[in-house]
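Next up: some structures, all given as structure tokens.
Shared between the two complexes below is chain A, which has chain B as its partner in the first and chain C in the second.
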Partner chain A sequence: MKRMSKTMALSALVPLCALILGILVTSIFIFLAGTSPLSAFEVLISGAFGTTGKVWPLLITLGQATPLILTGLAAMYSFRVGVFCIAQEGQYVFGAITAAWLGVALNLPPFLHVLVVLAASMVVGGIYGLIPAWLKVKLGVNEIISSIMLNSIAALVLEYMVAFPLRADQGQKAQSAVLDRAIWLPQFVQGSRWGISFVIAITLVVISYLYIWKTPKGYELRMVGQSARFARYGGVKADPTILQTLFLSGMIAGLAGSMEILGNYHRIMTGFSSGLGFDGLSVALLGQSHPLGVVIVAILLAGIRQGAQLGLQINLHVPRELGGVLIAMVILFIAAENVYRPYLEKLYDKIHAPKKELDHV
Partner chain B sequence: MFEFLSLFNVNVINSSIRLATPIVLAALGAAMCNKAGVLNLAIDGKMLIGAFTGIVATYFFRNFTQVGIAHPILATYLGVLTAMVVGGLFGLFFAWMHIKYKVDLVILAIAINMLALEVTVYLMRVLFKQAGTWSDPSIVQLPSITVGWIAAIPFFGSFLTGYNMIVYVSWILAVVLSIMMYKTRFGRHIQAVGENIEAAKAAGISVQRVQYFALVFSGVLAGMAGSFLSVGHLTLFTRNMSNGRGWIGNAAALFGFNSAPGSFFAALFFGFADGIALRLQNVTDLPPYIVQLMPNILTIVILAFVSYRAKLRELKRTQQ
Partner chain C sequence: MNKKLLSVVLLLFVVVGVAFSAGASEKATQTDKITVAVVMPSPLGDRSFVDSAAKGVERANAELPVQVDIIETQGVHEHETAMRSAINRGYDLILGVGLDTQMMLDLANENPDQTFGSPSELYADNLPDNLASLLINVNKSSFLAGIAAGMLTETNKVAAVCGGDAPGLNQFFYGFKQGVLEVNPDAEVFVNYLGFDFSNPTLGKESAIALYDEGCDIIYQVAGLSGEGVLAAAAERGLYAIGVDNVQDSFYPGNIITSVIKRVDNSTYDLINEYVNGTYKGGFRSLDLEDGATGLSWDVGATDFADNGPASMTAKLPEVQKTIADYRARILSGDYEVYDALTMDLWDSLK
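Up next, the complex of A and B:
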């Protein structure tokens, strides 16, 4: 019991410690820009989680977090099954392309239309997720390298699609036609991007938790993730589980792209993704590959990016890349947890030492 | 029929070799790391850092030191050297983190790649007030060196010379590494670690020394490759300048079975794919994106092929 609480405390302490260290190092960069770090972080936080103004920054952050929650969830499935697939970016982009294309090409009753578009995007994302999985399982290709290639392929296909087949007009910007208003996914507060997609994302988070921890399929998934060979002795074939899980993972990332088109952009343009899918990877890593962690970290990361852009850059003229620097620093300190973990353990023991003596009495 | 051949003129070959150079350097470093059992996925980020420090250091040496004011070209060489040192330091940091603290190199690499992308743009904005691209007229490009007697060789001469120092260094490195790996004691130690880390340890080889060397070495090469992009090929820095070349280098190393000559030729091949894609774009109506897709798809196909062979070999070994 004692041990258990210690592990749990540390799994919360380590990200917290990484966040603090990240903030400290990032402060040096804020100094370089000639601003006081204290006021910078104040602006960052109010730009991220403030509840003032016509559209609350907090709601915009929740809207921005929606695709991150989903791509984070997608990456989580991949990590849980023991495959380090980082192709969520590509799946996200392909989901978006599918939505932008079918959203214009089909002519169905609105409700059915939305369902068909979402389902098609999920299938496309899923199939794109199957590629690295199949290459890994059947041929032994390193999934990290194949994912990277698949991401750049998706980026190029996007450029091609918006420049030629999906292009709406010969205007300056390469972009597709605006979707019919009837199939837009509703937003709760106009201009906040916070809408029905967020509810769907949270629902999927809950379902994912139940699936992974409360069903036999989920048990197989975790077993394969811990050790493929061990799972085999337990009568679970690793290969089909990996393929299924990565299909599922791709579906979620594809859905994320699709809902961004239907609920937010309403059309697709060059540079549409800006690394959003890739951020999902960080979300899953920082969230300790747990659905709850994914939600918290996704909202936090979306807030940092949002606060850096709308708060820092506009109000204090600190470049918005600072948000990215902070996120990267936090990942760095999470990766380097072994360096300071012993100190945290000592600290924990020190705080709990007197209590322990009492227990013995 | 022969119109197709006009694609392969001297210009295309020259530009392909230039495009291949950063990939060659990345691949040689990646191959060394793979041999040493330390998967280095941060080459792309270190290349970007090298590109940035290379041009900033050049700017500094050129304008704020006596040497640079008197000899502009020397300032550029010093810039390249700085980029190499910084790349090496990052490699050292990786090695230290991994060997001393057992830090996961893949996650570390993700952090460094992201950090490189964001910090370089951040610093470009803060230091030079530029958002997308930065350049300064005082910076002199790394000069091309034409060796007279090589240029005089019929047919081959024209594409064997006329490049800057880094291109020649990458070739020399490929040769030196090939010899080192098979003919020297340290080279054989690296080979042994590449075959089986545990066995190498048991045989008394210092695996740590090999891993330190590999990560620092690949960092130095990535730094040099980065400075090739910013002060060797052009004289500017742009956001995300490495643009995945480090990753292509990783792929090329695997494609070349992690041997020095193998990675060298694989990287050269990728450079040629790029060069020909550029050329095709100029002389045909194919959308550029489709041409740019080819090297990516080719990488996956080749990786599938290479990995499958390795898997079969592994199966054979376990059956024996």
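Up next, the complex of A and C:
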């Protein structure tokens, strides 16, 4: 049996610690708002992961976590290769636009149609991911700035597309025509949004893990991410690796957008995105840029959002902003990990030091 | 150092412990009253559409034997989840204020045992029995505001800042445009759509400033909280704006000529009241000028502009009000037709 390494244990402990601290601090605010924190968290848990009611909250949470898992995975690839690209939002939006457009424009047998739409969205997302990568590799443009700009461009293109070329005539709002029912991605439970896209997302998570840790390409990717110069010294070409990885990252974010359209919205309108691409960044950061971490954090974040922002205000009349405070607090404590990380390390050593000696005996 | 951290953590635990024990005794109160959920399209605090609906909720809670909960949402992407959460919770009646028509129809068809309602902006020919829609037509009241703008403009350029390009919002805009052109055929009427961002005053302000720079002197805002930016821009530039939904004349007295009021508070209250009295009926009904559901702030006695506006403009007010009264009479008698973006194809004269 391989022993869990210290780094791995710590990458699990840090988010856990942040979550607990976030909950503690938010409790104070909830108390000040005149509600018992105990019943608040009861509601939060049942609102996020409960298994009662017509459509289980747990399933809704899983459904909402699906695009988060994918955008988180996309951000993870980018971080792993050492590029802080935050264009997932733009890639997600472009994937969605492509899906809404081809979903209406093409006329193919349903199964083929879905595959073509998904593939096209992935390519479009990937190309959109290549832009900041290319700018960085060839011209040395800071990827953070270029990807922020690309996100704004995507948002404006979306607004234009739904207001003019894609606009449905009968619709009340600026939105595209509803897709043919035959190409909707199936949901396991009607109204939960939890469906085949979740399975695809989890499959991609497993594949990503294998790719990054079990293949030569993945090794190169990690090496470039940790030290591009050393990688070059070792004979790994950093630039192509960065370009490939960001293309991959963009493909995943594009797929997320496309599956949201085919699976949930069935059409596209302004404001549909809700910053899911940005949430992917927090997911990847909180998940310590590890596929498993991404899945856990995505589900947790979707749950908190569901339970805190809707559950709390529906059941206890707690202002919805407090749910946002909880999420913000958790992210804050992750960002401030250096403050308490040394203590966690000491704690870990204390627990494991005697055990180590036993192992050697 | 270590001790310091420990003490901080301990303190935190103590505070939270106290909080937990203090709050533990109070439980969420269960009532036998009829329960109603009102799902809002954006957060409270816009001093316009959403707050107006909330006023209706407040009145229902005070006057009727009901427990009405408000569910705020952040935007389009949260509407469906919020509606579904409300359905899961098992409310007797769920009202969606200004939400997407198709979504409301789908939910109503999917949940035939649940009663739904929409106090505003849901327009469809056929509604299922469990979905009632009260629609307040604002084209005629906007037309009256357009008359005021058309007569008072000095640059012959007026504009509207609209939350989005949708028939429900164009009903405001084209009514207004028709009014302006009716009394001032030479005037130019601009429009700026905000891409359905109803909670961004900065965006509203920027759009308004761009229009003022274009030479417009009166801007009609139809943009919820974003519209507050339009009103602020008017005050900043010393120019003029027209408010919407609520009586907004007093926000910047002297800069806001009038407001087109849309009594979403009444329609919200009416739907709840009908449900309580057992007279609730699915289907589509529209309310208008003659029902008192919409009109100008002048009708309800707002005099902020008359008292604080510049003399050159207030001098014209009696004449403006007389013209408006004439047109109102003609509209009500059916003698004059105002374009309705919800039901008609765009007239050539308004293109």
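The rule is short, and it goes like this: the second predicted complex is superposed on the first by the 331 of 361 C-alpha atoms of A that agree within 3 Å, B and C clash if a C-alpha of one lies under 4 Å from a C-alpha of the other, contacts with A are read in each partner's own complex, and residues count from 1 in each chain.
Please note the rule applied: contacts are C-beta pairs under 8 Å (C-beta built on N, C-alpha and C of every residue); 3 or more make two chains touch, one makes a residue touch a chain.
All of these numbers come straight from a predicted model, not from anything done at the bench.
J.: With the two structures laid over each other on chain A, which partner does A:Leu204 touch: chain B (first), chain C (second), both, or neither?
T.: Neither partner.
J.: Would you sort A:Leu139 into first (chain B), second (chain C), both or neither based on which partner it touches?
T.: After superposition on chain A, A:Leu139 lies in contact with chain B alone.
J.: Where does A:Ser282 make contact in the superposed view: on chain B (first), on chain C (second), on both, or on neither?
T.: The answer is first: A:Ser282 touches chain B but not chain C.
J.: Could you look at A:Ile148 and tell me whether it touches chain B, chain C, both or neither (first, second, both, neither)?
T.: A:Ile148: touches chain B, not chain C.
J.: Of the partners chain B and chain C, which touch A:Ala231 in the superposed model: first, second, both, neither?
T.: After superposition on chain A, A:Ala231 lies in contact with neither partner.
J.: State whether A:Ile252 touches chain B only (first), chain C only (second), both chains, or neither.
T.: neither
J.: Report for A:Leu322: first if it touches chain B alone, second if chain C alone, otherwise both or neither.
T.: Only chain B; A:Leu322 stays clear of chain C.
J.: Quick one: is A:Glu159 in contact with chain B, with chain C, with both, or with neither? Answer first, second, both or neither.
T.: Both partners, chain B and chain C.
J.: Would you please give the residues of chain A that touch chain B in one complex and also touch chain C in the other complex?
T.: 159, 163
J.: Which positions of chain C touch chain A when the two form their complex?
T.: 2, 5, 12-13, 15-16, 19-20, 22-28, 37, 43, 69, 71-72, 74-78, 81-82, 84-90, 100-102, 110-111, 121, 123, 164-168, 193, 195-197
J.: List the residues on chain A that touch chain C in their complex, please.
T.: By the definition above, chain A touches chain C via 24-25, 27-28, 30-31, 35-39, 47, 53-55, 57, 60, 64, 159, 163, 171-174, 178, 190-191, 269-274, 306, 309-311, 313-317, 320, 340, 343.
J.: Inside the complex, what are the residues of chain B that reach chain A?
T.: Touch list, chain B to chain A: 41, 97, 101-104, 106-108, 110-112, 114-115, 117-119, 121-123, 125-126, 131, 244, 247, 250-251, 254, 287, 289-290, 292-293, 296-297, 299-300, 303-304, 307-308, 310-311, 314.
J.: Would you tell me which residues of chain A are touching chain B in their complex?
T.: Residues in contact with chain B: 29, 32-33, 84, 135, 139-142, 144-146, 148-150, 152-153, 156-157, 159-160, 163-164, 281-282, 285, 319, 321-322, 324-325, 327-329, 331-332, 334-336, 338-339.
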